[in-house]
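Quick one: the structure is below, and I'll ask about it shortly.
Chains: A, B and C, in written order; residue numbering restarts at 1 for each.
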Amino acid sequence: MITVENLSKQYGATTVVDGVCMVIERNSITVIVGTSGSGKSTLLRMINRLVEPTGGRVLIDGNDTASEPAYLLRRRIGYAIQGHGLFPHRTVAENIATVPGLLGWDEARIRARVDQLLEVFQLDPGEFAEKFPHQLSGGQQQRVGVARALAAEPAVLLMDEPFGALDPIIRTKAQDDLLDIQRRFGTTIVLVTHDMDEAFRLGDHVAVMSQGRVLQYDRPAVLLTRPADPFVSRMTGSADRALRLLSLTTAGEAALPGASDGPAVAASASLRDVLSDLVWQGAESAAVVDADGTARGSLTIAAILAHGRPT
Amino acid sequence: MPSAAALLRFAALGLLAAFLLTPQSFAPLFAPLTQYGSPPIYDQGNLLMLALAQLGTVCCAAAASTIVAVGLGILVTRANGVEFLPLSRTLVNIGQTFPPVAVLAVAVPLVGFGQKPTLIALFAYGLLPIFENTISGLRGCPPAVLGAASGMGMSARQRLLSVELPLAMPLILEGIRLSLVINVGTATIGSTVGAKGLGEVIIAGLLSNNVAFILQGGLVTGLMAILLYDAMAAVERRICVAAHIE
Amino acid sequence: MAMTMPRLHRIDRLGALVSAVGAAAVVFLPFVVLKSNRIVPGDPRGLLEVLPMWAALACHATLILVAIVALGVSNARGRLAAALLGVVVVALAVAAAGNALTPAGNKVVRVAPGAGFWVLLVALGLMATDAITRLRPGPGMRVLLLVLFVAVAGLALAHGTFDNLSVMREYAVNAGRFAREARQHVLLALGSLAAAVIVALPLGILCHRVPRLRAGILGTLNLIQTIPAIALFGILMAPLGALAAAVPLAAKLGIRGIGAAPAVLALFLYSLLPVVANTVAGLKRVSPAAVEAARGMGMTARQILTGVELVLALPVILTGIRIVLVQNIGLVTIAALIGGGGLGVFVFQGIGQTAIDLVLLGAIPTVALAFSAAVLLDALVEIMDRTRQ
């Protein structure tokens, strides 16, 4: 859906982004991960032309993004940044209503959308719509920032370290919420982070960048089992890569038919969590159960361990 | 190689000195501005003397204001003077709404005409910027530094003299500079109440419709003010650098 | 309104200062000065000499009460009430003195408030100011206090309470001119401010966007600010005079070497620096994340400027405007020297004629205007700040 063709950015003699080619699929989360200075933010910002490329182009649904004025392009793309950038002089409702207002939606439609988004993000509209940003906690501000980015129903959402300023407990919840929202709205999300754990949690596809180049762009499991570059394996970490690999599969996906008299685990839990549970409880196997209670099968420790190795 | 600013500075100073010392040599420059054969150069007094008299008045008043304002500023920021602090802030705010001319005009009925009301007006009006900046400077001392000073066993007086005042120095000097510049302007008007200064030249020009006089008075005063402002800035920098502040 | 019992073990130090100064003023300084005409220095008169015994004693008793409150009462509202009571009593006393000392129908004799009156007024004013400062009123309350004060003073003046005082006598002689010059004063101050804002705001935005220009522009404006007002008026007179001579249209528009034109031009130049500097400072304070988000959302550059940046920088910009307005009201006084009109006309005429009351006729309204402008604009800044931040 988004095609990045040979995209480059040079500032004088310095090349910040060097000939990047990527195809980002519709209805997925793509995470671009790298250390600071790797060019990941610049790459992201070339998609909505906050930074103009010096070479190459970006196609969204086959249309060159350079073919229309930048500000019109940006009204169709959601953009959420680390400092959230909420307007301090406008209420939560007014903040969220910004892009729909720019696009000329009528008032009733805007109000309905604002209320819908606030509910999706678990902020009671009656309580929060008229509050000002400085009256919200950090976590609430971050949620409003993402809601604002989604207000005009964009097909694409760009996020630049959106969870960086949150403390770890809230961050996990925020990441889970993002997964829910992506599923609900079907938005194509491109997210930039320096946190590998976050990339693995969120990304359907992960691109590892270093010094302006994309070293590998693939499913997270492939990054672990077949790293294309020593840098990639360094980033994914060699010490606990087996556990990382386990975290990519859920118990429901790996369950084998049969019963078990061990503890029950949720089908949505990752194999890493299940393993941790079993070790803690000293059990040899677990029964995999759906959210509504139906049995899905069982897992033995041996079966789990098999998933932790590259095939 | 001196910077462009330094060159301009020296040029201005040179021009000013040349004009004050040998005013008549500039006569041809001002002649086109006069009508009916009026004298092109101010001849009712010595320009150099007038300039120096004005400078003297300004500096005298500034010295007095500094002593009083800094003293009051210190008093108001001490523990047993703190109750006066909000009031002094309000007074400074109110005082700044008084136009300097009004202060001058009100001083005349108290002490008559001449140098005295100008000195009083300059003193009173010059207090404000220095007072305000002294308070800001002293209160702006990082509490950590003060804590360290007390912890080391400094008495309150030593703390004031070796820590608080030096750290407040840049702001206080800035206040003195501001006060000086405002005072040069007010002193110019002081000529309307009989104080000796360059305002005389401007007013003489206004009275006799002699544009040359007005320009001379204006330019000399303006140059003097700018050079004074600049000189104070250089002094500030020297002091701060020598004391390793900021 | 409940007053706390005076606590004798802790005497308020400001109260002590105010009481001591006030007492000294009452005892040693003349309350009014009786002049046989407007120019002679005049004879001092004390309160007891001038008013009937009962009135003078009532006055003194009130002042003693105020002193007691000043010394012992710590409740701010009580102190404010007492100070205001003192001011009212002293004002009425000086008005009564004027009435008492002026023979009926005599327009030549002048009764001027003496040093004692002024010192008392300052002392009471200090006490009132301190009390108000302690109460920490919000912006709306401050404006209300100002309006109340102006209303009461205006009513008293219109009613003729003070008509026999020297200052009001001068007013009576110059009433028509006063209205004209006051109007001119306000026009000059506001006009130059408006023109400056129109130029300075874009200039400030430019300086913010192009840092290279900042030092040069601010430096030049700073330099202009350093030139004393009358010097700048003088310097501008020559070219404006030449312009009027060379271009007849300019002369027809009223631009001449003397008069309001050089004053307005000079005031315009003086007004630039605070507004430009404050615009730059205000824009600097705007959160870069908010601007980045606005760009990312697809706002055009103009929408970002007007909808986000300027709105958030407004309190600081308004503070600059407040500085300029107060400064300009003061500077217009000097414009009188070059024929620009305004209340300074009375100030300088009074100086020239040694008629102090004429000076006061010009100086007091000027101070009142500047003070009111400061209070109103400060309140506006505070109100805007609250809703934004």
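The rule we apply is simple: contacts are C-beta pairs under 8 Å (C-beta built on N, C-alpha and C of every residue); 3 or more make two chains touch, one makes a residue touch a chain.
This one's a predicted model, so the numbers in the text were calculated from it and none came from an experiment.
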* To do: Could you tell me which chain lies farthest from subunit B when each chain's centre is the average position of its Cα atoms?
  => A
* If you average the C-alpha positions per chain, which one ends up nearest the average over all of them? -> C
* **Euclidean distance of C-alpha centroids - subunit B vs subunit C, Å** => 22
* Would you mind pulling out the distance in Å between where the CA atoms of subunit A average out and where those of subunit B do? => 62
* To do: Can you check how far apart subunit A and subunit C are, centre to centre, with Cα atoms defining each centre and the answer in Å?
  => 60
* To do: Please set out, as single numbers or ranges, the residues of subunit A touching at least two other chains.
  => none
* Asked: Taking each residue of subunit C in turn, which ones touch at least two of the other chains?
  -> none
* Asked: Quick one: in the complex, what on subunit B touches subunit C?
  -> 33, 83-84, 86-87, 89-91, 93-94, 96-102, 105-106, 108-110, 181, 184-186, 188-189, 192-193, 198-199, 202-203, 205-206, 211, 214-215, 217-219, 221-222, 225-226, 229
* Which residues, counting only subunit A, touch subunit C once they are in their complex? -> 48, 50, 70-77, 79, 81-89, 98-99, 102, 134, 145, 148-149, 158
* Structure fact -> The residues of subunit C that touch subunit B in their complex are 13-14, 115, 126, 129-130, 132-134, 223, 225-235, 237-238, 241, 257-258, 326, 329-331, 333-334, 337-338, 344, 347-348, 350-351, 356, 359-360, 362-363, 366-367, 370-371, 373-374
* Inside the complex, what are the residues of subunit C that reach subunit A? -> 287-300, 303, 308, 311-312, 387-389
